[in-house]
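Order as written gives the chain letters A, B, C and D; numbering starts at 1 within each chain.
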Amino acid sequence: METSFVLLLLLAPFVGFLSNIFFGKQLGKTGSGVLGTLAVVVSFFVSCYFFSQVSGSKQPINVHLFDWISLGKFSINFDILLDQLSLLWLLFVTGIGSLIHIYSISYMHDDENIHKFFAYLNLFIFFMITLVVGSNLLIMFIGWEGVGLCSYLLIGFWHKNQEYNDAAKKAFIMNRIGDLGFLIGIFIIGYLFNTLDFNVIKQAVLTGSNPEVAGWLSIATLCLFIGASGKSAQIPLYTWLPDAMAGPTPVSALIHAATMVTAGIFMITRLNFLFDLTPDVQNIIAVVGAITSLVAASIGLVQNDIKKVLAYSTVSQLGLMFLALGLGAYEVAVFHVITHAFFKACLFLGSGSVIHALHGEQDMRRMGGLKGAMKVTFLTFLLATLAISGIPPFAGFFSKDEILMVAFHENKVLWVIAAVASIMTAFYMFRLLYLTFFKEFRGTEEQKHHLHESPMLITFPLMVLGVLSVVGGAISLPGNSWLNHYLEPIFAHAPHEAHHLGTTEYMLMAFAVVGALIGIGIAYSKYIKKSEVPAEDSEITGFAKVLYNKYYVDEAYMAVIVKPIYSLSKFLRDYIETGLSQIIFGFGAVADGLALQGKKLQNGNIGFYLFAFVFGLCSVVFYLFFLR
Amino acid sequence: MSTIIAIAVLGVVCLLAEIFNLRKAIIPITVAGLLAILGMTVTEFNTTESYYNNMIVVNRFTVAFSSLFILLTLFLVTLSHHFYKNRPSKVSDFIAIKIFLLLGAVAMVSFGNLAMFFLGLEILSISLYILAGSKPLSLKSNEAGMKYFLMGSFASGVILFGIALIYGAVASFDMNMIYEASNSAATGDWFYIGVCMITVGMLFKIAAVPFHFWAPDVYEGAPALTTATMSTLAKVVAMATFFKLNMAMNGNMNFAYETVIVIISIFSMTVGNIMALRQNNIKRMLAFSGISHAGFMLMALLNLSNTTGSLFYYVTAYTLAGIAAFAVILYVCNDKDDESITFFNGLGKNNPVMAAVLSASLLSMAGIPIFSGFFAKFFILNQTLQAGYLILVIAGIINSIISVYYYFKVISAMYTKEPNEAKKPVPFEYYVVAVLAIGLNIAIGLFPSCLMDLL
Amino acid sequence: MDVTIVLLILLLGAVVTYFSGNKAASKVALLFSAVAFGASLMILNQYNQGIDCGFSAVWMTNPNILFSLKADGLALAMVLLTTVLTPLIILSSFGNNFNNAKNFYALVMFMAFAMTGTFLASDGFLYYIFWELSLIPIYFIALLWGNGDAAERKKAVIKFFIYTFAGSLFMLVGFIYLYQKAGSFQLDKLYALELSATEEFWIFLAFFFAYAIKIPIIPFHTWQANVYQKAPTVGTMLLSGIMLKMGLYSVIRWQLPIAPNAAQELLYTIVGLSIAGVIYGSIVALKQRDLKKLLAYSSLAHVGLIAAGCYTLTLDGLRGAVLQMIAHGFVIVGLFFAAEIIYRRFETRTIADMGGIRSQSPKFTSMFMILVLASVALPGTFNFVGEFTVLYSLFQTNLAFAIVGGTTIILGAFYMLRMFQQAMLGETNAKPFADVSFNEGIVFVLIIGFLLFFGLYPKPIIDLITPSIQDILVHIK
Amino acid sequence: MEHILKEIGVETYLYLSALLFSIGVFGILLRRNAIIMFMSIEIMLNAVNLLLVAFSTFHQDASGQVFVFFSMAVAAAEVAVGLAILVSIFRNLGSIDIDNLKNLKG
């Protein structure tokens, strides 16, 4: 029974993928979209079923499918683990996934390859489910790489544009760098525990602690973190995510905001019992998270591409989540993941709606004044913006505030960084809102003429997500957290006691809100009061230029890593390869030269031949009878 | 014994046939006769006897080698039919000379007395001088004949001097006596100098470095069929005799002597192979290849008690491949002035079977399985390593690598280049000999035991 | 029934193909290779039932040589690889019109015969003969039916031939030496031999020459790229799909158990060299202009990793290496086939001249994409199973090995995706590109199906090879 | 006869024939006229004949003298063939200088 449901959960999207790939063309545009959506909805309902089961019984469900790989000392099975954590992820992956599928039916309607789009989306959902429900690290790794693949396919969906393809390739390779870390982490864990199964590792960790293990464990968790930072776009591997916005907007919403990029957080939460043992690595995670959040937020301040702003905002928010992870507050990170999924998906879809209305225009300098024409979009966008900026009682406020609180308790410096990042977030999000929806429209006349609210299939998901952005915080209210309670079995150590809501806590809340308001205020004065419009690219100067060019990180990577590899490749190709070849030919050339010389010896002169004969005779005799 | 007599009779019959105007029948008669002699010889296989005061000894060794020589002569005589088509009046001479050459060859391996050895050697050599110079109008043939003659008789003189010295030391030409003398400590230095001179003379005959200079020139200049005779029959006769001499005379062959053989072997292989790299005339190329094969064969001398079988296998493989190759060369270059490799261009297209035969024979010489040349090299190297000469084995290996290059040069010319002339029909005899020889070559490759276990 | 039947079918196939005439040759060859595959499946079935399918008969007594074939799981896996790839390779060539097709296909069949023999032989001498024998057909295939300038090709092919021949001759010396010691070429006799450290070292080195050139491990690889480029695609597939595996298989079957202590001694050097090959191949592949050359260097990188796995001397290493050999055999054949398909339509192998194919031929693109992904060892493909296991074994040896060797997953993705992007994506190409035909499709589907199925369920193969590898490990430890 | 050998010593004969043999060798090496080279070969062979006869006497064994007859017959046959070749060379080249025969080389 459970096995078949699990198979249904897994295979529904996969069947959707297959049928869309093979019969998508015959199904027609809407048909393939509906099929794709249905596949995910089925998974969503199965997830709901399991969720109700598990939250009732509190017993995780384990399903053994088949044996997979055998290694020297242990074997890796294809098992499915449905516990509180994976179900939570399943719910929002399939839930938001369903919404975005619905959205895409309309959004991608004009694309000739829409069936492929849905095929890839289904495949993505399939891999994401695999990632989440795998009961050991290697199955997670299948999903991990699989979602990377789908991300590659979807970023490069418009494959005629080589820049998009570049972005796709970059995403895949950056992810692979992380994946190598992940893989090494897996090796070390396999070596230490002779298993990759989460539950078995957990038992091993909880029962015995071996000092020898600890050193290796730090390396393992560090490697795993590298893996996570690849997938979840942390420093130094974050540069692919902004580029990934080349894909269609629903993809950005689903993969590059709500689900895939949170896989790193999922993995670390999954392995919280390991990370708990390695405080050094936790510190690294916290610092990296904090810095990422600040750097990304600062870049977000000056971006003009609507999706780029959202992308940097995503990186920044992910940084905050990693900060929480690093401080051991896994449940807080999970909480933020969920609320972030709601409001960020809403933001992306909203921006998609705007782009849709403007026929592909993404530059905010060419927007403005859309709130009249696109009421639903504006409203939902506003809700989500408030949520991300941390205004109570929207969802983002609670989650972000908890992170800040944890940071305040653990490390003041990190707290300051996170707080600054939050303020920046509020600023650039409202900058985005103002530039897009307020004031006069700055685009062409023709665009203005065609401005329209998006159809129902687009606005419906927006509304659902908008509502979730408002009420999502309810799952973990300070002091009475359902989420913490629900997730308790997952953690090795009980979650941080829900902070006693004392003066400090209220002070912090107030501080956060004030900070957010300051950010909003600055944005308001700049873009509403003074009606500023960001400068054209060529006019940007000073530090803003550095920010606008993302601290030149891409250029630096290009110059320090990619270019040298290319030159090395050319050098090896042109010189070393030919050189090695020449060495081999050199043997031939030597023999050949000898042959040429030898030909001179063979001069046809019989006198010489006889002389050689006598010489040979004499030397043999001499050697045998005189040298002996 | 009866083999020798029968061969002599057959030779006389050839000459008589001319007198009785049976010119057309000469070759069929000879072939039939040789087949009969071959059969007769093979039946003698298990007998061990000596005749005429131990002048002629018949044992497994001599019978095996004699059979091989007869077989080779059979092939060569068959090839003659077409080769001497334009000189019908000389056929009986050429055939008779070949038969007498065979007589000398059989006498050489069957000797029980140095006198017999010397006579056999001279019969063989003189026949070859004649054959080498057998195109009196061709300057090349003249030159080849002259060079071969001068150097050959010089070598004969050296061998004769060696024989005289041995005689001086042993007071007999009988091989048994010599064997005993070689094993006794009292034997004087004369004896060893004599052995040494005979060795050098024989090294000349098998064309080992540095006594090899005649070979390429003579091979190139002599008529192609003569070259075939020299490179197959004459070479292995000399080798077999040399081997037998060593068995008799080097009862306590000392280390220094072995060192000489090792050095000469390495030099022969290396010089032969390297010189062959830059040759454009296929006969000349095969001459150098033959020099390197002589180097390989010399390895057999280092492990005298065990290597008879290996040596026999080696010479069989080598000569069969050589005969097959020469059958193709005769076919291709019959109407040409020389034997440039370019004539082989496109043979694969014009005549796939002949091209395949030549490829197979070259592959066999290069030592590539499943052709018997590989097994031959393997057996010899195996024995050499057993004797402890790793250095020689390595030298042999390196030389095999070098040799691949020039053998494959011909092969790739046959298959990749465009033919520069129209197709021409293959004479039936060439076809038969080529296919038969290479077939035998592959057969002994598949079943090496049938030869290895003979001796 | 014993394994000789497979050999006989293949040999008979070669002969019949030769006499079947140019028109029917490809079909006859396909038929016989398919029958051979069927026969090897039956052998496999027998083997799984515990019946010994080996064969042994005296060939010569002096020297003591047996015609003996050993059919354990490892050998059977490799035989199956050969017999399954051969019909695929033949099928893949159906779109080509070769001159003298009968010769061509007869050579292909003969090569399959020789390679199968190499995998089965358990007498060192017999093994060596098959090993050398497989070299002749590929020489002619590459020389006569290859592409590009004839003189250049000749040079490349003869270099390949002499080079590999040279290597294997050193192996022959090793074998002769062992024979002197053991008095037999039999595998188990050679395993049982007690050699001194010096002897082992030299024996190991002699074998290493042969295998390093065949596999190839840097810096012995210089023949590879040129020959792959110049050979006809069928030849390239045979070379890269099966023949390279002969080298790797031989490492496991012959070199390591015979000279285990030397292998242990040289472990770090040789694993290091192999891994250096991984990086080197990957980096050189990045900037290749010719598609086939790029694939050649990718192959260099992959086999480097496999070799590294072999030389770790661990169960995981050997097992992963075998798995990866099989996987790589399939994927590289598929990739070269993709290159061939592009060549059939565009008559170019220069990557820069391609591009924009995706919008014209979605099916081909998808199949090519899947192969590319398999080649970069995406989890879910069989390649991942192998690569993961190999990397795990490297990790067991040394963390640094795993990290450096692991860069293959990054660099591999780098050059493969770069190639894919340049060759397939971008603005629609002006030249028309017909999508895959039925025959072509079958080849792709079979290859991809195999890779995906065993990627998820490698158990049958793992179970097949593990016992024999454990047997071998007994001799190594 | 015996006492003559004893008086002179068999070694002396050996040295003499070795000397003759060397004269033949040097003749071959240094002269370029084919006829003279033939003669040098004859000197070599005759040196051996002398040696054989001397040893035959020394050992009181007739076989050595028999051998000399063989050797003389062979030498005659050899020279006959050699002269035949020389004649055809002379016809073709008009010279019997051995240095003219250098066409086959390399």
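Just so we're on the same page, a contact is a pair of C-beta atoms (placed from the backbone, for glycine too) under 8 Å apart; a residue touches a chain by one contact, two chains touch by 3 or more.
Computed from a predicted model, the values in this text were never measured in an experiment.
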Give the label of the chain whose average Cα location is farthest from that of chain D. A
Report which interface contains more C-beta contacts, comparing A-D against A-C. A-C
Chain A and chain D, separation of their C-alpha mean positions in angstrom: 98
Based only on mean CA positions, could you tell me how far chain A sits from chain C in angstrom? 36
Whole-angstrom distance, CA centroid of chain C to CA centroid of chain D, is 66
Hey, how far is the Cα centre of chain A from the one of chain B, in Å? 78
Where chain D touches two or more other chains simultaneously, the residues are 25, 28, 98, 101, 103-106
Expected list for chain A, residues touching two or more other chains, is 599, 602, 604, 606, 610
Where does chain C touch two or more other chains at once, residue-wise? none
How do the chains pair up in terms of touching? List each pair. A-B, A-C, A-D, B-C, B-D
State the interface residues of chain C toward chain B in the complex, per the touch definition above. 59-63, 125, 128-129, 132-133, 135-136, 139-140, 143-144, 150, 154, 157-158, 161-162, 165-166, 169-170, 172-173, 176-177, 179-180
List of chain B residues in touch with chain C within their complex: 309, 363, 368-370, 374, 378-379, 381-382, 385-386, 390, 393-394, 397, 400-401, 404-405, 408, 412, 415-416, 448-449, 452-453
What does chain A use to touch chain C in their complex? 21, 66-72, 78, 116, 138, 141-142, 144-146, 149, 152, 156, 159-160, 162, 165-166, 169, 172-173, 176-177, 179-180, 183-184, 187-188, 190-191, 219, 565-566, 568-570, 572-573, 577, 580-581, 583-585
Contacting residues of chain D [partner chain B, same complex]: 10, 14, 17, 21, 24-25, 28, 34, 37, 41, 44-45, 47-48, 51-52, 55-56, 58-59, 61, 63-64, 66-67, 70-71, 74, 77-78, 81-82, 84-86, 88-89, 91-93, 98, 101, 103-106
In the complex, chain B residues that touch chain A: 146-147, 150-151, 154-155, 158, 189, 192-193, 196-197, 199-200, 203-204, 210-211, 213-214, 216-217, 256-257, 259-260, 271, 274-278, 402, 405
